[in-house]
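Structures for review follow.
Next come two complexes, and both contain chain A; in the first it sits with chain B, in the second with chain C.
Here is the complex of A and B:
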């Protein structure tokens, strides 16, 4: 199992070379070497400090009742699964889970598809292509808070730019994007897609530019049209990129809440409240440390399940090739 | 394969872990020589707050050579509170002084972050006349258990801004009741076909809806909160009629867009440019509006249900001393509080920022009387205070406020009737407050 496959996806160099930690090369028993351990030590230190320790501490904290704004619960006291029970009895929690699912499903595939499309469009040599690339990429460079602030004004009812553009295209529906409970979450998704599509485009563009030219020449000689080439050749060859982009997009969707803060504050009536924003509210507004820890553990489990299954599925697929 | 799984596990952990657990610690220098105090300060309005406060710090340090004041500007009110929380939770020393929301009182006491100011006030020459000089509607948020916990500083209130020129052109006088407010707003709404080129009134109900809504409940005759820190009054006939009145502004009078409105950010600009004849907003927007508006700006308390009644509600931040700071720093912090709240400085701060001067005597300083002669609206913001009720502040505030706002918006958006929404809000809020009784 240790050297069975040479296919770790994100870190092609991770496969240990000569003298890799604990790996015996060529069957001969190598001496214990301190250097590799020293080299990973700084990373290990930071991972332990900022990842493993907080995870453990919130895992432990999730079993303790602690509410900073109630004097008698100020000091943590062991409460078993009470925090989880309170979380799973909380109707807002399910509402927020539903919103989060809608948000992830609404924003991730669309931004990835757009990113791929943009990459296809600008992966060519022509005059002014640099400008087009810049235009598509620039939302990525802007901080999310500025993006959301700009969009807040674009979403303004009556005369906002977004509504003006939509009405030019014939849209006659409701315009109150951030105040209407049926539109608020969609408004959040629109901003996320606008911000992220350019970022994913860069990965696809890099992937496309490293694809072998011969394959395309062969395809052209065989009379394959542009759509056929894209679907049958480009997409499969970029599977690794897609896996990577899907992973970071999914995690990113759980990670970003800046636009929620600026645009809707989770409202109206929690219509645009998503998991991390709810976590923030419980921890820093309601000062309920125990429940926030329990919610953190739920968040970690959701992310783990997705990331692990994503890798497993992709490993299996590459194994079938 | 196992390694990929391990990597992905680490990746997911890393992402989930960072950001959620920021542990800030603040080192305080050893207390040899001058006392150095930190002041955590939120910037919540469109005014050069940092520059103004730094000016006061320089003056203070000249007058008090033994004290060094280091203001820390860290975002808005929430950021300041979060920074202090994480500092204390992480085992660090908090700053000696901070400006936090007046309504945070109970949360801050329960968390054990702040201490009463009575021992410091007792050392003053005449603390009772000092305290009674602050407007009482501001001091309401400073008292708990017969102790004083904060000093009002950057305070505001909800007022109605109205375009005096438009009122005069249409032969209208300033509204003095719900009925005249609605009919005036209706008359001043201008439609071109289906487009509205001017709304009669804009009244934001997204963001912090409870605040702009409170004058309606107060105007109906009963505030949503009383002197008790464990009671709220959401399901009263007054509160329900206030919601129905708000909804009638759009449904009956067509004078404001229907449903919950996210117009907090844009309405001062809309008002100043003539796209809205009236707005309900913070007094903090006065300076910006006066700068832009090319017409006579009227400022008044929000009219109440009965003719001749008015309502308003205060807001903004107070000065708090943090319990865990060293005593020498806390003494210095109180000196700085006294310095900041001297009438001349309160007047100066009000003129430069647009906040209401928190002390009555500030209005008899020369700088203020000169300013009011030029800008009479500044006196109107203070006059609104006499109609002000208490800002919503109870135990477990964030939760109770979330409950209230959630159902308030459902009622505005027609998802529930005002009656049903407020019954539910009351039940949930009572359940949350039971713990504190």
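Here is the complex of A and C:
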């Protein structure tokens, strides 16, 4: 079903075939009917109230000064670009943007690459393979806050499992991952990778199982080794799966900060603070509603740039096929 | 579209035992063990009597097992209440979503009407701007509606689902037109068409949507956290984070893991029972 996300399926009704009851066939003009509008209305109402309206109201609100902890700014007052100015003069904001970029670039490609690797390994008939698949996939079904609480222990200095494993492998570095400014964000990334790799794996598994077996037979007869076959055949054939997984991984990376809440609370000194967590802080700790609105707009723009560019890439690719 | 929901193990390669296959098997097993270690540890620690604290080199199962930690955790925070709240939120969200999404999907699949394309695209905006990013303005809306700190407030932003509409409409579009026309000729009303012709072959898609919706809302944290202020309406995830931040809990791993598994457990057990449907649904409904 993932393939169905390309544009041709976004047309409301398949071009062939007449409309439904009451819709006349061919070019004749159908009479106006209220029923389809009524059917769409509930969904449209909630989308309008909780997606469209908040986007507009954040945009408007971003031009108003409103700070709930200062009496004279409790009521919003028009302030032009003051919130954006405050945001772009705020060194923490740049720190957070840098962290977010590091987090996304650090977690998304690694999770996807691992997901692909897992799928390659798992996609075979072998005793106990179902159990292995369960082991790799199960973090997907766990709540991120539970995962993070478990990893709180993994990262515990002295006897935490993660450190024990690392020292077994010869690592002699600092042990306090969540409390160390150099390691806190990496700890957050590790948790995200552990949770998501198995999720991306199942898309690759599904993709691999839909690939034509004759191609592999031919490659084998041509003397193509497993690595060559993977790089030259499997990866290119699965590029739409990759594109799709990349899109959901990017959007997911911006929406989930649950592990930040549990593991580091953005610290130490903002070392693991990322966009959505910062937005929460500005609004619910600093009570700066105006600045939070401006930050919401920044977040929306970042998300739209990713989704729209991904969409355009997939359009161009499918156009070439 | 042929790969929909087909995560099976296909016969790849030969099943003879060769050195290559042994190495591969060991590699897969090692990977699985590493990946499963955190959850296995959590189960071990939660079953460990409190009198045997964890320490260096002694973090797995102790020689005695107990469920006491689970009961203790239940007395330290109202996890029963959180559980009920979570179930109410998840069921309410899903029930409304299925009704609204099916209606909208039916309209878009079965009728052509003025503005249908633009309305569909307006709804799809929800897939590009995730609700999580809109927590600030939505918080204001909830305050304005006077439903702050209720279970309804946790669920209501998700009552209209672009994704559900999209997925169910896809399923509806796969139904042969001739079948629909036959229904029309037989004099079916619109809801008879929906119930007798559109819905039966689309149940798989609706189930897939349902499973992904339940998983998402069971695990969701940030929105329930900010929109609740008391245990009256708090869900399991928000309750867990509050619990972990209680001063007296500290690094008492037996309690922390028991609480963690109470939160993750119910959905996880359902997942273990219906593993195949879960994985198929996740593939089927790749977007959350």
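Convention: the second predicted complex is superposed on the first by the 269 of 321 C-alpha atoms of A that agree within 3 Å, B and C clash if a C-alpha of one lies under 4 Å from a C-alpha of the other, contacts with A are read in each partner's own complex, and residues count from 1 in each chain.
Here, contacts are C-beta pairs under 8 Å (C-beta built on N, C-alpha and C of every residue); 3 or more make two chains touch, one makes a residue touch a chain.
A quick note: this is a predicted structure, and the numbers were derived from the prediction, not measured.
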item: Touching partner for A:315 - first (chain B), second (chain C), both, neither; value: first
item: First, second, both or neither for A:299, with chain B first and chain C second; value: both
item: Partner chain in contact with A:176 - chain B first, chain C second, else both or neither; value: first
item: Chain touching more of chain A, residue-wise (chain B, chain C); value: C
item: Touching partner for A:207 - first (chain B), second (chain C), both, neither; value: second
item: Which of chain B and chain C A:69 touches, first, second, both or neither; value: first
item: Partner chain in contact with A:51 - chain B first, chain C second, else both or neither; value: both
item: Which of chain B and chain C A:267 touches, first, second, both or neither; value: first
item: First, second, both or neither for A:279, with chain B first and chain C second; value: both
item: First, second, both or neither for A:77, with chain B first and chain C second; value: neither
item: Chain C-contacting residues of chain A that also contact chain B; value: 1, 4, 9-11, 14, 47, 50-52, 54-55, 57-58, 152-153, 156, 158-159, 251, 254-255, 279, 284, 296, 299-300, 303-304, 307-308
item: Chain A residues touching chain B - in the complex, by the definition given at the top; value: 1, 4-5, 7-11, 14, 47, 50-52, 54-55, 57-58, 68-71, 74, 152-153, 155-159, 176, 178-181, 247, 251, 254-255, 264-265, 267-270, 279, 281, 284-287, 296, 299-300, 303-304, 306-308, 310-312, 315
item: Residues of chain C that touch chain A when the two form their complex; value: 1-13, 15, 21, 24-25, 27-29, 31-33, 35-39, 41-42, 45, 54-59, 99-101, 103-104, 106-114, 116-117, 119-126, 128-141, 156-162, 165, 167, 170, 173, 177, 180-181, 184, 188, 190, 193, 205, 215, 218-219, 221-222, 225-226, 236-237, 240-241, 244, 251, 253, 256-257, 259-261, 263-264, 267-268, 271, 275, 278-279, 282-288
item: Contact footprint of chain C on chain A as seen in their complex; value: 1-4, 9-14, 16-23, 30, 32-33, 35-37, 39-40, 42-55, 57-58, 61, 118, 121-126, 128-132, 134-147, 149-154, 156, 158-159, 161, 194, 198-199, 202-203, 205-207, 209-210, 244, 248, 251-252, 254-258, 261-262, 276, 279-280, 283-284, 289, 292-293, 296, 299-300, 303-304, 307-308
item: Chain A partner contacts - residues on chain B that touch it in the complex; value: 1-5, 7-21, 78, 81-82, 85, 106-107, 109-112, 195-196, 205-207, 257, 259-263, 265-266, 275, 395-399, 402, 405-407, 409-410, 412-413, 415, 435-436
